[in-house]
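Take this structure, written in structure tokens, and hold onto it; I'll ask about it next.
Naming follows writing order (A, B, C and D), and every chain is counted from residue 1.
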Amino acid sequence: MKKLVNEPKAFVAEMLEGIALANEKTLKYVPEYNLIMRADAPNTNKVSVLQGSGSGHEPAHVLLVGKGMLDGACPGDVFAAPPVDYVLESTKLLASPKGVLHIVNNYTGDRMAFDMARELAEAEGLKVATLMVDDDVAVKDSTHTVGRRGVAGNFFVIKAVGAAAEQGRKLEELVELGQRVNGVTRTMGIALTSCTPPAKGSPLFELGDGEMEVGVGIHGEPGRKRKAVEPANAIADELLDAVVEDLPFKKGDKVALMVNGLGGTPIAELYVVYGHAHTRLTQAGIKVERSYVGEYCTSLDMAGCSITLVRLDDELTSLLDAPGEMGMRIL
Amino acid sequence: MQRQKESGVMQAVEWVIRVMAENAVENEDYFSDLDAVVGDGDFGHSLARGFEAVLETLDESNEQSPGALLRKIGMVLMAKVGGTSGPIWGTAFMRAGSVAGEKNELTDADVIAMLHAGIDGICERGGASIGDKTLLDALIPATTTLGARLSRGEEWDRALAATAIAARTAADATRDLIARRGRASYTGERSLGTLDAGAVAVASMFERLAERWPLEGK
Amino acid sequence: MKKLVNEPKAFVAEMLEGIALANEKTLKYVPEYNLIMRADAPNTNKVSVLQGSGSGHEPAHVLLVGKGMLDGACPGDVFAAPPVDYVLESTKLLASPKGVLHIVNNYTGDRMAFDMARELAEAEGLKVATLMVDDDVAVKDSTHTVGRRGVAGNFFVIKAVGAAAEQGRKLEELVELGQRVNGVTRTMGIALTSCTPPAKGSPLFELGDGEMEVGVGIHGEPGRKRKAVEPANAIADELLDAVVEDLPFKKGDKVALMVNGLGGTPIAELYVVYGHAHTRLTQAGIKVERSYVGEYCTSLDMAGCSITLVRLDDELTSLLDAPGEMGMRIL
Amino acid sequence: MQRQKESGVMQAVEWVIRVMAENAVENEDYFSDLDAVVGDGDFGHSLARGFEAVLETLDESNEQSPGALLRKIGMVLMAKVGGTSGPIWGTAFMRAGSVAGEKNELTDADVIAMLHAGIDGICERGGASIGDKTLLDALIPATTTLGARLSRGEEWDRALAATAIAARTAADATRDLIARRGRASYTGERSLGTLDAGAVAVASMFERLAERWPLEGK
């Protein structure tokens, strides 16, 4: 296994410890609950915003904690939703009179843990609301299914809601805002390789040398279909078409365009995909107003990328532009 | 569990939990590999970490009734296990414990009622029903078989042997199901032909219990 | 080849085009010379700072162009220094009365291209100075060798010099400052896998399943030695020991600590290494004042990392803290 | 190059450049693979892109003298080829062109002087000398052989054949050298046992020239 790992069982704890040490002044780490929180949280003048999700998606979500972003994140093990306890105790540690907002990616495990934790927290008198994220167009949404997955588009929900929370907006307003953002956000991804969870030590699935997996999730779950690897532009077209048709995005729309790396793909390649997608959108009369290229929501060391589009309006653009801080930075 | 009365119902329940836990720990890689086929490959890891904590709890706990012990185990699974399995398995143990209440004796009917309560808890919690390709597809037929055998007066060892066979047959039959719940459901038809990891784990636990029962379960 | 690539020959141009499109307002792209430059450059009130180097190291250096950072970067092909022409023409396009500073990583190809371009530019009456970066401790430095390589530590030289240039400092002062920063910066890296240049289509070198390459360069050049893969902490120890002993860094020193990903290693693992390195330094009485974890200077899709230490003083710390902008960002 | 006089020195020089260029383009992968062993695997790519541009230049150019043409080619290589090879090969062509000046006839002695000027340019530019495991280790012995053979009156075809053998022998011998210049030098002793990519390219070009000379070179 080609990984910078010690004892696989300690992987998540050691990563969180590293994040805390790299941000000694701004972040606090509560090892009992895998919680990374703002050192100055809870702030009684604002709603606290909490994410859970699994580990292995970094920077989502533990590295998105900071001013104007999340107040805390309490991930579970690699690719596993956090246990109820983590969510409950994290909610208590972040309790603010203005309430605690749970941002939950739509997966069975996450939903259950956050539902139960919310019930238990409410029983203890806390004010809690839930915001579901489900931006993945690869999954068909119907009453007979578990619904769409939350993937890289969660970044925009967090950024917008985090900025609005910082401005002191009410819990109910944040839920409404978050739903609105989620409602105009669409994502689809492809994998060129599988990924290797440290505890498993081998790739989650096998992908032939000339194959790619279209519509892949961020946990190594297989996607819509498997097909022969294509040039970057063809891949960008397929992802973009699926995303554009779904909302649908139309001529005249202003959008944010994200090309998200899944972990093992170098930055240079992401820009090749970005360039083509940007050009295609421009040709279609869709105006790219904000650009996001890099790793936002990864799947360990998986090679591949996802494309996210968000339809912008003035409020949303100004929330995306609002100042934010996070545990990861380049400069 | 009447046969167990002399050595105590409490010990029998503890023994059952311990066998399940050891099975989970020993099969960590196998269960994860099954989950990797159309899921995310962490089921074995989650279950093993959870049942390791269960084993510690068993060693330390001084609960006075089977019900209290089961509720405690349910809490531990909830607290320590993430993913879908923590809430699902935790809920099952907690519900079973609630039905047992503070009783110190458990009739066969009590045991079947506890299993049914566990199943109901899982259905409520996860929204799945039979045929959705989850552990319910092994647990429900297994419970039906055990209930039928015990109620017609069969001994526990023979009833458990039949139950293990029913569970395994049902687990194998998940190959023919399309996943409609859990992470495997994202792959839709591609889940056809694959075994459900949770169902296999349930079958494997019943088999282990059936094997050991006459030797160690007394 | 598991890559998001179209025609390999067009890879670098397409990447640069993508970078330009993602930064339409702030960056300008001059395709003839692979030049990415600040849209507002040259600024007659400041020295222009230019980097060259090869492609495949992103974000170094094309994504480090921005206010308070580089004024331009004109990379060559993947892992190849730019041709003389690119450097010369880029220097002319960035010509400022205060001069143009060439920041050059110490490789034969880069040195030659920048030397020749400087001579030619000077012949045309431009004011040009050169600043060499050679922070890699893996390479033995003696009069019989080509000297140490410039690797991830170049980020600190660029950040400090870029900030000082923004403050209006003179060309000679910037050279002196840059040499001072380079003089207190040390790096060493390891590779867990090789990397695959698009034009080659196969890994540059073979590394066995259980092997790693210690002291690797950023171009897939083999390193000091090959050995069996070790746990993250042992790897961190080996890199840190080499770096600490070299300057040497001593008890009481204040440092910036960088854990740089080589491209294929997920962020989570970098934090595992960071946590251990930070703790080890603290135990040794070396105070980590600034932390940098992420991808700064990559080697395409290579898995692995490097550790960089910089000895800080008040001036250097304030230059690192000075505001900066770049083509890549998360928020 | 006296034998070539009737068909023009200019054509002969053009032909030599063309053969070198075709060789570079055809061997792109081979030369890159050699560079990948202890270098960064781009030598073949750099050389091929550069000589592709050279071929275009040959097609378009209307330089009047061998010297002007060689200087032009040198400029193109400088402009288009990055890495170490652009400046090294570009300098060599430019220096050779300078020695040729505006002459329309080139004696054998002129050719040898041009080669020596190219070698000196490479040494100055890159700081390498013989034994450092670079292309110089093939180019210098080849030039010595060519000079010796021509000066004792041997015909070009025989002289070139001997030169090709000398270049190949010398390129093979780079296996026994430790790299002291270029990227390969970072690996120190580990470069022992590997061929230098640049030296092999030089040998391969001389071989190609020797093979084709009597057929096409007239």
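Everything below uses one rule, namely that a residue touches a chain if its C-beta (ideal position, glycine included) is under 8 Å from a C-beta of that chain, and two chains touch if they have at least 3 such contacts.
Keep in mind that this is a model prediction, so the values were computed, not measured.
K.L.:
Common contacts of chain A and chain B?
P.N.:
The common neighbours do not exist; no chain touches both.
K.L.:
Per the centroid of Cα atoms for each chain, what is the distance between chain A and chain C, given in Å?
P.N.:
29
K.L.:
CA centre of chain B versus CA centre of chain D: separation in Å?
P.N.:
Centres of chain B and chain D (C-alpha means) sit 76 Å apart.
K.L.:
Distance from the CA centroid of chain A to that of chain D, rounded to the nearest Å?
P.N.:
Each chain's C-alpha centroid was found; their separation is 55 Å.
K.L.:
Taking the mean of the CA coordinates per chain, how far is chain C from chain D in Å?
P.N.:
33
K.L.:
Quick one: label the inter-chain contact graph as line, ring, star, complete or other.
P.N.:
Shape = line; chains linked end to end, path left open.
K.L.:
Under the stated touch criterion, can you name all the chain pairs that qualify?
P.N.:
Between chains, contact exists in these pairs: A-B, A-C, C-D.
K.L.:
Using the touch rule from the top, collect the residues of chain B that touch chain A in their complex.
P.N.:
29, 32, 36-42, 45-46, 49, 78-88, 90, 125-127, 180-188, 190
K.L.:
Along chain A, where are the residues that touch chain B in the complex?
P.N.:
Residue positions touching the partner: 9, 54, 76-86, 107-109, 112-113, 116, 138-140, 144-146, 149, 197, 199-200, 204-205, 217, 219-223.
K.L.:
Which chain C residues qualify as touching chain A in the complex?
P.N.:
1-7, 11, 14-19, 21-23, 55-56, 58-59, 63, 159, 192-193, 209, 212, 229, 231-233, 235, 263-276, 278-279, 288, 291-296, 298, 300-301, 303, 305, 324, 326, 328-331
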